[in-house]
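A, B, C, D and E are the chain letters, set down in written order, and residue numbers restart from 1 in every chain.
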Amino acid sequence: MTSGLQILILGLALGGVYALMAIGLSLTYGVMRILNLAHAAFMVLGAYLAYWALQILHIDPLVSILINGPLFFILGIVLYRILFVPLAGRSRYTEATLLLSFGLALGIEGIMGAMWTGIYRLANPSYATRSLVFGSFYIPEGQMYATAASLGILIALWGFLQKTRLGRAIRATMQNRTAAQIVGVHVERISALAFGLGMASAGVSGSLLSFLFPFFPGKHWQWISILLSLVVLGGMGSLIGTVVGALMLAVASVYVSSALGPTWSPATFYAALFLVLMIRPQGLFGKREV
Amino acid sequence: MTLLDQIRIATPHRLETRSLILLSLALVLFLLPLLQVVSDGYNYVLHVLMVIFMYIAMASGWNIIGGYAGYTSLGHPVFFALGAYFSGVLLVYRGWSPFWTAPIAGLVATLFGFAFGLVALRTRGPAFVISTIALLLLAQLILDNWEWVGGSNGLSLPMIGWPYRFYKIPFYYGMLLTALLAIWVSYRIRHSKLGLFLRAIAMDETKAEVAGIDTRMCKVIAFAISAFFAGVCGALWGYQQTYLRPTIFLTIGAAADLVLINLVGGRGTVAGPVLGAALRVGLDELVVNQVGSTELNITVTGLLMVLIVLFFPGGIVGALRERRHLPRLLDWD
Amino acid sequence: AGATATPTAAPSAPMPAAPTPTAPSATPTTPPRPIRIGLSVPLTGDLAIAGTKHRDGYQLCVDLINQKGGLLGRPVELLVEDNRSDNEVTVSQYERFINVEKVDLLLGTFSSRLNFAASAVAEKAGYVYPIPSGGALRIWERGFKYIFYFQQNAVEYIGSAPLRALMAYRDKGIIPADDFPKTAAVVHADEFYGNAIATGLLGGKVQIPGTDKVIDLAPGFLAQAGIQVVFTQKWPEGFTDWLTLANAIKASNPDLVMAASGSPDDIIQLVRALKTVGANPKMIYTAQGTQVEFKEALGDAVNGIIIHASWHPLAPYVGLLAGEPFSNQDFIQAFKAKYGREPDEDEAIPFAVCQGLEQAVRAVGSTDNKAIRDWLASRTKDNPVKTIMGDFYWDERGLPIGRDYLVTQWQNGELKFVYPIGEFEGVVDLLWPRPRW
Amino acid sequence: MLILEIEEVSAGYGMGPDILSRVSVRFEAGLIHCLIGPNGAGKSTLLRVIAGLLRPRSGRVLLEGKVISGLRPDQILAHGICLVPQDRSLFPDMTVRENLLMGGYIERDQRQVSRRMEEVLEIFPEVRRHLNHRAGTLSGGEQQMVAIARGLMVHPRVMMLDEPSLGLAPLVVDRIFEAISRLKTMGITVLIVEQNVRKGLAYADRGYVLDMGRLSFEGPAREVMEDPRLQELYLGRMVLSNREVQG
Amino acid sequence: MALLEVRDLTKDFGGLRAVNRCSFTVEQGSITALIGPNGAGKTTVFNLITGLLRPTSGRIYFQGQDITAMPPHRIARMGISRTFQITRELAELTVLENVVVHAARDGLTGLIRGSILQHEAERAMALLEFVGLAAMAREKAGKLSYGQKKLMELAGALMAEPRLIMLDEPAAGVNPALLEEIMERILQLNRSGMTFLIIEHNMDVVMSLSHQVVVMAHGEVLCQGAPEAVRQDPRVLDAYLGAA
């Protein structure tokens, strides 16, 4: 039988990947109340770029993080300017962004399909199927790198938001746009910056996705559902909550999966979600709205 | 008609032109199947209209909780599936026709909606949305593993015994009646106190509560009513598909469809879901049949949505009303 | 090649000139009304990959027929619509073909799921519905009269093929008798295809819903082969924690891993996870994975994996097209000429379906679906439909009689044909055991 | 010397009617100006136009002769015009300290910011014990104090306060007006909107009466206070403490 | 018997005790003013009475009945209505609808009966007329100015025809002329038997309206009594009014 510790390792490794994928989603919601349904679509786009970078230019996916990050950051800023700025001040803003990004997701999916067909891809760097072995335990290398990247990015982000003037401005803009304007924040620039950050994280996740899970244009729907659940479980908009939620859920589902069988692993997911929502409707780390 | 009009106009004209036009439209729809009786070749038309009716019924129902009360439910496919399986199982094991078990299926969905609502409607906002997603996926898991109803392999139903030429007609009428009922109920609620309370809940639930509204009951009732229509539609649809399978019904995509129809047509308005449903199905058929099939279809759909959001917030009905161009014919609020 | 624009009388057609409703070739100003065939395929959505390939296979066949002068002196027109992998859309599109377009013939779509509902529409309307893919027994046990299957057998029986292959190699001495697998792990996706294969392997019962019919597959092919099942598990759609599953498989330490899923990316994830956790069974069988992309995603890990197949490029079958012999190799050449790439099974099978339908129409001399159905249903071993996949004749359910799946194995990055042994040129010996990773 | 000129400004929301119609007002540097008028007169709207939160439909706003209408709010703040809005507009999920820090957002010198924070906390000592509480949990009056304190974190050239006394205890109201007087001594031009007419005009140099989107009259504060038009139109009798009403 | 009795009410927020063993009564037919420095806990007391917050300890009785653990809507239906200090309008609803919403006392049967009654709409219109918002009845409530929102809330509270009306700073931001009318209206309603509990910082209003004043500071009741007496109380002068 597999030991509990090994299962824990596998769960944490999976959770780390989830966390990175979900952070951007959480950030854009937390900061701008944008529920970006296209987040996973951009992730898949990032995965394609990383995949082709490896196939054609022989750039390792871990290296292409450095390309994808800035690239998607800029893409995010441009998109924000074009699409989301006109929505500012709408009465049902989050809903509008949800719909808009739904359309965006479809658009990207279609373009990816037209360019790269619906065939699934998976980059195959040597470490993707390697493990580090410690006695009877092993840690899958790919997941380990992903988790490390995820934690690093999270800490950087958290520090940026909590401790810097710009980060504070981002949070202020999220809470009260008019008030932010009043104290002199160029809210459009700040929002674009935050959106860009969220997108950059999608690009980076894409690089990791490219060698961890097979992908094709339509795959993003599956990812976005998983990510959304994580974000809600942790508490919408709470970065720490997102990470803790991701780790907890991944570990729990891995345990259930090995105890009761994979069929029931998504069930843990939803059962946990249900439970949390009943006890703490605002999520684990969310703040309650009165 | 706003509250104010109720004060100003002593008695609303019973048979104004608008009602006349709408009534004659309904009449035309009722007589349409005659075409298929007179000459073959309209089954496709009937089929498309039937699908439109189905979406009208479900979207109008959804609008009661999702539009008026502002509680976005992604769990409605569960009621759809519940209806389908309820009637389907009765058909397979008992031979009872879904045409008369459909309303019962609707009631079963209502009951279930009521029970689920009691629990889930304690949460608000995104938490509620996700709890409905959880419901959806849990339901899928249960059906997938419940062998008696076919498990993940599904349950196939006997086909309706009518000759091919006419076999769409009963489904057509079933869906038409359901859709009309849904519109009527939606209209009544919009103009009742319940409607006002639901809209108050959508804006500020605490305030509504302090104003003396039993917000929980209102929400649960609205949720239960909206489940009814999904249940009836499921029963009929399952029968005409002859095949029930969890993954056909219980997808986020199907749930998102209802949201989109409402958003495009105009969430929280009576006419919105009707327009949205007609457009959704109509455009879909048009694009698939006329433009041909490329990956770019998806892109076009996506772009269209982006444009609607950017330039028609509040959906079609909302945008027209904002610009004061909403024809009286469509102003059912 | 023939001029496609002027369909003169079908050259060297073995059938007598067909009575066509429109005026024949004499008046070039009014070309004969084309024979229109309706096809709804998933070009987008989760079934898009195979769906697109099906379209390509069908289209090649139709093009070739037209090049050879058409069918019954009429050009053939293939109406293709994208059903987005959606049941509802599929049904509505076939409705539309039948009612609005009033097409002459229908071609079946991809996957059991879509065919299940679509076949009911065709059956109801009295249209012949040849099915390229969709072998679950429950499709065939409904008592339908107009459906015909163009692969080897119902999916439930697929699992017997790799086991027969292994036993054949034991008999041949390539697998030492004491090395023959004693234990197996069976894992599969919880969906139509995966469940059906597992049912055959493990020996379950298939209940045909809506009827009292139960088909008992006990004791299962593994038990028949004397292999003990030490681990069995299914995974739901959208499953992601493959390492855990691989871990559990490793813990049960089977000689043979058999994995079934309709989606190749499931299989890819599983194989990669097996490699990552260092599980090293003697042999791996997967129910998907003949595609080039499969190899690309797995790299060297692909070597040694065995996969059943309906079609293989080296199989020297000779079918008929436009009344002329048309071999598997002809097909591959024509395919390469048109698309510039090697065909695979998802392109070959629909081609064979189209061949079968064409032969029936030619034989009957009209597009009367009832007559075509009767003709197809009355095929026999000696008088079969001849396709690039071999000969077809069907039992009363519409399932082919007397056909066996092929078995292939990835060896040094190439997909080799390993079973049936000695059946054709190009069958190589099985690599046993598979190389360790 | 004139500092701020409103020239023929018309403004409204969305596609609605004009809320301000061709309003012209001039404000002098270094004085306290008090805007009064009935509810819905357009007082807040005027401040919003000046702060750049609402674009005028026609007309211009000039700061020392330079047109500032059409600039973004943050640019206008950078020009030295600061607004404390009527709805407080705090950042509810940030702590009071962070709210105050945000008040000094345009100030890049952090030492300067901490010094100002000490200054404003002296004006509002009751805020100090809430420094680490979320602003959204404060009482109405405390929030108002934080809003004003946040506004005082910059030393602008023009300070606009929309009903600063709103919801504040009498003791605190006095303190706020003291603070406003102090702003004046620092050379800051002040623009306040008040419903507490007597208090507002008592501290102000000039008074302006806005009604139905138009300036109905203006003048030195004392004169405005005694103007019979104001008594009739707007104040009623109540302010003259009529104990007999109680009966 | 007092209409409302608050007994030893205590409310903690984390480590912060916002209301501390607070007791007072509101007599049937009276106007009671609740005053005190900012942050004294007045609004919190309102929230406790109306059921929006659960007290840490203590009881609340209305007409002799314990309403401490009741949900807000049931408390409202027993005849308590209130306004909010920081207005909470239903922004997308019209002004008229915002007022009609308060006619929610008839419970489930009222819902099933269905349409909004003409007399309710008319009464709402009359109330809007009174607060000077009739012209804006059709507008969305989100469009109102600050003061207008306060007035709309007042109209809503009156709409419910409650036994006890609790107003949280009704005078703040309201222009003086209108304020006077409102005060007269309050007195008139009071004469017809309605009871008021009012939080207010405007001492003119407090002095001219109230029969009884309850002064809170730091969550505790500092003193209570007749307006004049309270006004002279040195503790009140010190903590709240300032040495005038």
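Keep in mind that, in the parts below, a contact is a pair of C-beta atoms (placed from the backbone, for glycine too) under 8 Å apart; a residue touches a chain by one contact, two chains touch by 3 or more.
Since this is a predicted model, take the numbers as computed values, not measurements.
*Asks:* Any chains in contact with both chain A and chain E?
*Replies:* B, D
*Asks:* Considering only chains that satisfy the touch condition with chain B, which of them also satisfy it with chain D?
*Replies:* Touching chain B and chain D alike, sorted by label: A, E.
*Asks:* For the pairs B-E and A-D, output the one whose chains share more C-beta pairs in contact.
*Replies:* B-E is joined by more C-beta pairs in contact.
*Asks:* Look at all chain centres (mean of CA atoms) and spot the one farthest from the centre of chain A.
*Replies:* With centres defined by C-alpha atoms, farthest from chain A sits E.
*Asks:* Hey, which chain ends up farthest from chain B, C-alpha centres compared?
*Replies:* Of all the other chains, the one whose centre lies farthest from chain B is D.
*Asks:* How many angstrom lie between the centres of chain A and chain C, each centre taken as the mean Cα position?
*Replies:* Measuring from centre to centre gives 38 Å for this pair.
*Asks:* Suppose each chain is reduced to the average of its Cα coordinates; what separation in Å results between chain A and chain B?
*Replies:* 32
*Asks:* Distance between chain C and chain D based on Cα centroids, please, to the nearest Å.
*Replies:* Spacing between the chain centres: roughly 77 Å.
*Asks:* What whole-number Å value describes the gap between the mean CA coordinates of chain D and chain E?
*Replies:* 27
*Asks:* If I count partner chains per residue in chain A, which residues reach a count of at least 2?
*Replies:* 113, 118, 225, 263, 266, 290
*Asks:* Multi-chain contacts only, two chains or more: what residues does chain E have there?
*Replies:* 52, 91-92
*Asks:* If I count partner chains per residue in chain B, which residues reach a count of at least 2?
*Replies:* 141, 144, 206, 294-295, 297-298
*Asks:* What are all the chain pairs that meet the touch criterion?
*Replies:* All chain pairs meeting the touch criterion are A-B, A-C, A-D, A-E, B-C, B-E, D-E.
*Asks:* Write out the stretch or stretches of chain C touching chain A in their complex.
*Replies:* Listed in rising order, the residues are 44-46, 48-49, 52, 190, 233-236, 238-241, 243-245, 247-248, 251, 264-265, 268-269, 272, 275-278, 293, 296-299, 301, 437.
*Asks:* Quick check on the complex: what are the chain E residues that touch chain D?
*Replies:* Going through chain E, the ones touching chain D are 13, 16, 36-44, 85-86, 132, 143-148, 151, 168-169, 172-181, 183-184, 187, 201-204, 207-209, 239-242, 244.
*Asks:* Across the complex, what residues on chain A touch chain E?
*Replies:* 91, 290
*Asks:* So in the complex, which bits of chain A are touching chain C?
*Replies:* 1-2, 6-7, 10-11, 13-14, 113, 117-122, 124, 128-131, 133, 138, 140, 142-143, 213-214, 216, 218, 222, 225-226, 250, 253-254, 257-258, 261-263, 265-266
*Asks:* Provide the residue numbers of chain A that touch chain B in the complex, in ascending order.
*Replies:* Interface residues on chain A, with respect to chain B: 35, 83, 86-87, 90, 92, 95-96, 99-100, 102-111, 113-114, 118, 217, 221, 225, 228-229, 232-233, 236, 263-264, 266-267, 269-271, 273-274, 277-278, 281-283, 289-290.
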